[in-house]
Every structure is written in structure tokens, then in C-alpha cells.
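In C-alpha cells below, several structures.
First subunit A sits with subunit B, and in the next complex the same chain sits with subunit C.
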Partner chain A sequence: MHQFLEAAIIGVGLGAQYALLALGFTLIFGILGVVNFAHGGFYMLGGYVAYTCVAGLGLAYPLAVVVAMLATAALGWLFELLLIEPLIDDHLATLMLSLGLYLIISTVVLAIFGPISMEFAFPVTGSFHAGSVYLPRENLIVLAVCLVAIACLWLVLFRTDLGRALRALADDRAVGMAQGLRPRLLFPLAFALATGLAGLTGALVTPILSLAPGVGEPVLATSFLTVILGGLGSLGGAALAAFIVGLVEAYTSVYFGGSIGALVLFVMVLLLLVFRPTGLLGRDVRGA
Partner chain B sequence: MSELRIEQLAKRFGGLRVFQDLSFTLQPGGLMGVIGPNGAGKTTLINVISGRQPPSGGKVFLGGRDVTGQPTHAISRLGIARSFQQTNTFRSVSVRENIARAVLFGRRGRPAGLDRLLQEFHLTERLDEQSDKLPYGLQKMLGLAMAYAIGPKVLLLDEPAAGLERGERAQIDAFVHHVRTHGGCSVLIVEHDMDLIRRLCPRILVLDAGNVLADGAPADVLARPDVIKAYLGAVDDEEDA
Partner chain C sequence: MPMFRRIQVSLVAATAVIAGLATPALAQSGCELKIGSMGPMSGGGAQWGLAMDGAARMAAAEVNAEGGLKVGDRKCHVTVVAYDSKYTADGAAAGSNALAAEGIHFIIGPVGAPEATGIKPILGRNQQIAWNGSYAKDAVTTRYPLMFHLGPGPGGWADSVIKEALKHWKIQSVALIAPNDQGGTDIVTVDEVAYKDNGVKTTSEYYQRGTTNFAPIITRVLATNPDAVDTASSPPGDAGVIVKQLRLAGFKGPIGRNGGPGTEEILRVSGGMDVLKDFYWYAGPPDTPEARVIDADYKKLLGKDQTFGASLWGDLPGARMTLKAISVAGTIDDVQKVAEVLRHLPVDDPNLGKGVWSGQKQFGIAQELMYPFGVGIIKDGKEVGVTRVEPKL
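Let's look at the complex of A and B:
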């Protein structure tokens, strides 16, 4: 029983991490219509910025996490404003641009830090135990921060005028513009919000998992899989799917070994796409 | 209230000329219909005035201010609102949220008579329904109410009666009367429904092959043989077929 409970909590923790990544990914797709192939790059960059702040500048880890989030948000804002915005209606061009940015980020990181994994440890160690259930404290802290970040994102999107405007552009850009919304102001903000979340996740998670130049690729794959499962462009769907993915990974890892999790997920998504092509909560797929 | 003045407006798509040397003035609080056969450039005219497409030449003035080629959001902020041929609502949210967004984004407060308009359109009792679950006619009415909810000085209506049942079309008359009376809006209507145009518009402009074929009172314009040949005759032919 304790194994079952531990897997559940680990699954929820993974789900919260995936939710931050997938929400950002689907936010960019839903609002801008852009598939951001650089999303994993921003996750990786978040990790490296936090590492540099801690190891190079001697900042406290929580401050380093904030710096990483702000730096990746700023880079995302600039990238959207300067490169994506002029080509916003060209889906292939924006896709290639984001792929190019990912390659640039990876190459720069590789050139500066080398191919070896960084020694970047989470500052809190030890386990929390209740009865026979043992959980690493670092996982619980990351889970708490991710849940707070998700709650903040929800507040921004559903309780502020900015969020209302962003959701309106996601619903129908032409109608939103006809009512006075300025995509040139709002799109970079949406992009920054999403990349900031990816950077935050990277800064939180890479000290627990690993920090190396290739860590962005599986993150991109998981984000992609999650938003397809949830329904492209659906925020609620992305969050729901993220926790499903996290729980499936945790339970398959505990009961069947690590490698079967990915297989189960891909089969699950494949079956879902056959019977419900719009994903769990997706309405329809935006045309190219 | 602001005057909408169009001076020698032109639009081309590459080598294809949509219209040229188009000039007219819509007086403050005025009402004007634009008719013409399919492909005459009526919707493109609305797209150009509302900033959705840049003009190839000419000028658009609102209240004496040159607004030519400004982006859609800027034109909207200056006071020109538009509706679309299809429904122009945010499909995934409620009627209430659609209206709230339009009022918020328009930044001019809730326009006079908006609530009464919603009552007239029987939308008040359906405020919590998701907009794309409404019958098509009500979605069109919601789209019109949203265009008014941003508090415009000039309303450009692109085929507001398209897709409506004949019995529903009287609501367009009510809408136009309402926005002029309560909001002081000028209204330009692009429409194929000639009965509606005759009923509503004291002045109509006929576009044909990119040129103004006629401009004047409906009784005069619609009696002209060249207008009948270019447009009305074609409609009759289609209906006969």
C-alpha cells in the first residue's frame, strides 16, 4: 500500500512539472498558433541560468530560480517580438524559427558549459515520512512551487484583464482585434509567460534530475505528448493530461520498470487520437 | 459622432483590381447601404476601412483624422467597429462573457441601451449559455450586439442578414434603429437582401467591377437600367434558376 501511495505522490509531482511545461506550450499554440519547438530549450536554459547564479555568482538557490524564470521570460519576449511577430501568420516559418532557436540555445550551452552534466544539487535533502511512506523533501518542495505557479497562472488567465484578453485572442484573433486588442503587445507577453514557466520548471527540476545540453529534447517530447492528449490549445486539457502522464509514468515505473511508461503513454495517446482526435478537452484543431 | 470620409480609395491584390477611386462620405449618425454583385469588393471595402487589409491607394478619414492603413485594433479604438459575414463571437465562452469582453476591450464603458438591445434580441435570458450553442440567428444577433458593445462611432455591418430566416431579418432593422438612436452611430451596411436595403437605407452605393455604378436614394438608384442589369437582374436570374 505504501508503494501505491508513494507512486501517487510522485506521479502528482511529475504531473505538476509537466503541467507547467504543457500549459506554456499550449498557451503559445492556443494564442499565437505557433508550435514552439524551443520550449525544451527554455527549460534547459532555466536550469543553466539557475546553475550559473548559484555556482558562479553565489546567489541563494531560491533567488537563482527567480532569476532563471525572469531571464527565460525576457528571452521569450524578445524572441517573439523580434522574430516570431513579423512572421506570425506563417506557421511553417515560425515552426522553423523556434527549432532554430532551440539549436542555437543548445549549441551555446554546449560551447559554454561543455557536454558533461553539471553538478547542480538541490539545496534541500532528506526525506519526509509518514508511517511507512517515504518521500524526498526536494520532490515535495518542487511540487509545492509548481502548484503555486499553476495557481498563479490560473489567476492571471482567469481573474485579470490581461488573461481575458489573451483568452479572447486564443478564441478568435480576428474578433479580438476588431474589438481593439493589440496582438503586437499581447503575443510577446503570452510567449514570455510560457517561456518563463519553462525556465522556472528547468530551474526547479534539473537539480533533481540532471543538467546537460540534451535535457530539453525529452521535455519537448513530453510537452507535445501532453498537449495532444489534453487537446491542442486547451489549458484545462493540458493540466489534466499532465497529471495523467505523471501518474502513468510513476505507476508504470514502480510496478513495471522505467522503460514501459513511455510505451504505455504513446499507446494511450494513439488510442485516444483514434477515438477522440481532438484530445481529452480539445474543441477543434486550429487550421494551418 | 464622427464623419467617415472615403477619398479615392483603391484596393488591388497583385494584378487584380478590386476597386478604385472610391469616394463617399457617411455623415455623423448617417445610414448607407452598399450593394453589388458577388466579387464587387463590398467586403474588401469593409476590410480596408476597418484596417484588416491595407489600401492600395486613397484615404480614410474619421472625424477629419486620417486613419488610412492603421491596424485593426487602432481603427477599433478610434471608433470604427465591424461585424463579419459569419458569426463574430468568442465561441467557447458564454453570452455574458462575450458581451463583457467587448465592453472591456472597447474601453468606452457600457454603451447606452446595450441591455435593452440584449433584451430585444432575447439574449438576456440566455446569458449563461455558451455562444456557439445558440441558434445561428441568435449568434448573429450576439455578434451585432458585441460590435455595438465596444461603443463605436461608426458601425460597418457585413451582410448582417446572411443566413437569417426571413422572419429574423426584422431584427436587423431594430438593431440599426437602436444603435443610431441610443448610440448615435453612423452605419454602413453591405447586404444582398434588397428588401432590407430598401427599408432601411436612405442612400445606397452600388459597386460593380471595382467602380461606383450609382450613388443616391434607393428609389432612384434601383430604377436605373444599368444597376438592374449589373446587379438586380443577376439576382433575379439566380433566383429564377
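Let's look at the complex of A and C:
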């Protein structure tokens, strides 16, 4: 029984982290129609910015997390404005641009910090234990921040004019523009919002796992898998799928081992693509 | 033949003769020997690949400091070309081809079992000698005689590591965790036999390379209630996360590493001695004053500190012996001749001391370098020390 509970705790924790990443990934696709292959790079960059703030500048960790989120958001905003925006309707070009950005981020990180893992620890350690069930304090804090960030994102998207404008552009860009919405102003903001979320996740998660060049690659794979499961462009679908992925990964790994856990996720996505190609909550056609 | 045509032919012939006469002189003065270094130079196993590269660069710098490597009547300047084979079979195979395209016949590396598997079959075609540092069950074979091994592998040290651990802790059962590819399964198979021979029950848990969060796997492992957990050949970055999450889950037993060196990185990622607490590991070459001379020389020759620990010490003899074999063979092109010389060179490193050519018993071919090695122990968060073990055939 304790294994069942433990898997649930781990699964929810993983799900919240995946949700933050997948929401950013799907936000960019849903609003801009761009598949952002640099998403894992922004996660990695968030970790390195936070590490530099803590180890190099002596900032408190919470402040470092905020700086990491803002720095990755700023980079995302610039990248969209200067490089993506002029080619926004050329899907292949934007895909290649984002892939190129990931390679640049990885190489710069490798050149500055070297290839080995950084000594970057979460400031709060230890676990709560109840019998055989344990809950690491750091995971609890990360889960709480992730859930707050998801709630904030929901508020921004569904309860503010900015969110309404972004969703309108996602639904139908031509009609949105006819109503006076300005993609050149709003698209970079959407991109910044998404990359800021990736940076926030990186700053939160890398101290409890590890920080090294290359940590962005599995993140990109998981984000991609999650948004396909949820339905590309669907925010609700991404959040739902993230928790499903987290729980499936946790339960299959706990009960069937690490190799089977990874396999089950891919089989699940494969089956879904066969029987419901639009994903759990995806739409047939993107308006934008 | 018209006069103009005759003059033209004579000029071409004269130029060819002059060029032919000049070539040896030019080659003699401008001899350059490129050697390759290969291994994972980014990601979780980067420390091992960079150590391999550091060993190649140090051996090259040593001979360059003497005015170059003597090859016949020439002195060749040695340069190193690095290739990041990313701990994969295809990476190593691509690396072999890329280095061959640059005319490179001698490779210090690769590191891992998948890489060794990928590169072995094409060494003959590319006429390259390579030194793998893997713990593969077939690290060297009679079928691929241009492959040499920087030993020993787990077959050479697992028993000694386990016996040393049993002196410090009561271990009746152990859970081994490793990647689910050849770089993990080959080592775990050998480790399991060594544990069982010492009366320790084993369970094994494999994970997909690229896994970042090991919490579910640790929950599964701890359900078997092991006395010890062994991170085997998990890359140091992964092993550091495993250690951290094991301690967070409340595991208080010793954690072993019957795999490659990498304790520095494990300490860094896991959170330090207080987290690592009780740890036993294969430490590679023992920490002696003679071995530490390597670090000082590295700084003197390459202008920076070596940060790869004992991994560099273990890789360096392979690079040194390769250059020595080239010099004795008197050729930088005849790979078969260099390999033949190499097989008969005495194993006696200026820093590591005397060793042996082992491998006949395990692999059927004595192409494994084996020097004395150490077994490290950390107990209650304090380093107890490294016990020296002499090589045996």
C-alpha cells in the first residue's frame, strides 16, 4: 500500500513540473503556430541563470528563481520579436530557428560552465516521513510553486484582457486583427510567457535533480509527448496530460521498473494517435 | 614533337624530379602526428570522456616538450583531435570515420561499452588502433585485434571492492541500479556474480538513459529492503541524483559503486559527504605521490589543473604506450606494425609503476593494461582511505 501512495505522491509532483513545461510549449504552438524546439534550452538556461545568481552573485535562492524566470522570458521575447516574427507563417523556418537557438544555448552553456554537473542544491532539504511513505520537503515546495504558477497562468489567460486577446489570436488571427489586436505586440509577449515558465521550471527543478548541459533534451521530449497526448495547442489538454504522464510514469516505474515505465508512455501516445489523433482535448483545426 | 612541346614536357619532368627530391626534406621538417581522443564529452559521463581527452593531450604535450616524437629519423609534433561520441555506439562509429577522414590512426578512447561495441568492427577498415576504457564483457576480442583495453574491468576489481566493503558493513543483500543498455547490463552481470560469490543476495534495477528523476525507481528498489544499493556503472551525474534521492527516501545503508570512478561528481551532485555518508567504490589507480606527479606535470604542460581525478591517471598509460609503440615501430602509417610492437611493450609506467598485460583469461587475448588499483571507503561522512590492490592475472 505504501508503494501505491508513494507512486501517487511522486506522480503528482512530476505532473506539476511537466504541466508547467507543457503549458509553455503548447501556448506557443496554440497562439503562434510555432513548434518551439528550444523549450528544453530555456529550461536549462533557467537552471544556469539561477545557479549563477546563487553561486556567483550571492543572491537568495527565491530571488534567483525570479531572475531566472525574467531572464528567460526576456530572451524569449527578443527571440520572437527579432527572429520568429518576420517568418511567423513559415512553419519549417520557425522550427529550424528554434532548433538552432537550442543548439546555441547548449553550446554557450557548455563553453561557459563546462560539461560536468554543477553543485547546485535546493536550500531546503529533508523529508516528512509517515511510516514507509516519505515526502521530500523540496518536492513539496516545488509542487506548491508549480501549482501557483499554473493558477496564475490560468488567471492571465482566462481573466485578463491580455489573455482574451491571446486566445482570440489563437482562435482566428485574421478576425482578431480585424478587431484591432496586434500580433506584433502580443506574439512576443506570449512567447516570453512560455519561455519564462520553462525558465521557472528549470530554476526550481534542477537544484533537486541535477544541472548539466543536456538536461534540456529529456525535458523537450517529455513536453512534446505531453502536448501530443493533451492535444497540440490545448491548454487544458496539456495540463491534464501532464498529470496523466506523471502518474503513469510513476506507477509503471514503481510496479514494472524504469525501462517499462518509459516504454508505456510511448505506447500510450502511439495508441492515442491511432484512435484519437487530435489528442485528449485537442481541436481538429488551428484557427491561427 | 615540336620544340615548344618538348620544352613543356622537360619543364614538367624537371619540376616533378625537384618535387620528389624535396618531399622527404619537407616531411622531415614538418612531420605532424594527429591522434584522436574519444568518449562522452558532454552529459552525465562527460568526466570520463574528458579524462580520456586530457590523457591524450598530456601524453602529446610530454613528447612535444622533448621536441616531438621520434619516428625513424624524424621528430613529429603530436596534436590531438577530440570527438564527443556521447556514450553511444553510433557516436563512436561516426567518430572513428570522422577521425579516419583526418588521417588519424590512433585513438585514445572511447569510454563506454556501447561506444566500444560501435567502434570495434570498423577499426580494421579504418586502420585504427583504439583504447577503450569500457567495462564490457567483450571489451577486447580476438576478432578485433586493433582494440586495446584500459583495464581492469569489473571482472578484475569487483571482488576486491566487495570484500573491502564487507569489512566495514554487514551486507547480506544489495540492489544494483544501472542504465538498461550494454553500458549498464554488462557491468551489473559481472557485479552480480561477484556479490553472489561473496554470499550477498542481489536484485537489479535498470533505467532508460536520459532519466532525470529516479524517485519511482528508488521506491521500487527500497521495496526489496536491501542492505546496500550499488550504482554500478550509472554515469556520475545520474549516480549523484540516485544517492540524493535514496537519502531523501530515508535509506541509511551503504551505497556502492562497482563501476567507473566519478566520486567527485557524485559528491557534488548529491550534496556532499553528509549526504553520501557511507560509500564504497572502485577508485582506479591508487593515490600515491608518484601518481600525483601527473597532476603537477599536467598543470605544467597544459597550463591548467586536471579535474578528472584518478580517471586521467588510469587513461594516461594507454596514450603514453601508444606513442612509445609508434616511436619504436618507426612509422605513423603502418598500424599493424605499431599494434604488434604495442603488444610486446613492457607495462611499466613512470607514475603508476609496474603492471601486466592481462585479458587472456577473461577475453582470450592479452590486450588489457592492468595496474594496481584502489578501493575507496567513506564511512559516517568521512573518507577512511583508499586500499591498494595489486594486479593479478
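What we mean here is this: the second predicted complex is superposed on the first by the 281 of 288 C-alpha atoms of A that agree within 3 Å, B and C clash if a C-alpha of one lies under 4 Å from a C-alpha of the other, contacts with A are read in each partner's own complex, and residues count from 1 in each chain.
One rule holds for everything that comes next: contacts are C-beta pairs under 8 Å (C-beta built on N, C-alpha and C of every residue); 3 or more make two chains touch, one makes a residue touch a chain.
Bear in mind that the values here come from a model prediction, so they are computed numbers and not experimental data.
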Quick one: subunit B and subunit C on subunit A, clash or fit?
fit
Arrangement angle, subunit B at one end, subunit C at the other, subunit A at the vertex (C-alpha, nearest 10°)
140
Applying the document's definition of touch, where does A:171 land relative to subunit B and subunit C: first, second, both, or neither?
first
For A:10, using the defined touch cut-off, is the partner it touches subunit B, subunit C, both, or neither? Pick first, second, both or neither.
second
Figure out whether A:80 sits in contact with subunit B (first) or subunit C (second), or with both, or with neither.
neither
Spot which of subunit B and subunit C makes contact with more residues of subunit A, would you?
C
Once both structures are superposed, the least CA distance from subunit B to subunit C in Å comes to 37
Touching subunit B and also subunit C: which subunit A residues?
none
In the complex formed with subunit B, which residues of subunit A make contact?
161, 164-165, 167-168, 171-172, 174-183, 283
Per the touch rule above, subunit B residues touching subunit A in the complex are 50, 52, 71-73, 76-77, 81-82, 84, 88-93, 101-102, 104-107, 146-147, 150
Which residues of subunit C touch subunit A once you look at their complex with the stated criterion?
41-44, 46-47, 50, 180, 205-208, 210-217, 219-220, 223, 236-238, 240-241, 248-250, 265, 268-269, 271, 307
Note: in the complex, subunit A contacts subunit C through residues 3, 6-7, 10, 13-14, 110, 115-119, 121, 125-127, 129, 134, 136, 209-210, 212-215, 217-219, 221, 249-251, 253-255, 257-259, 261-262
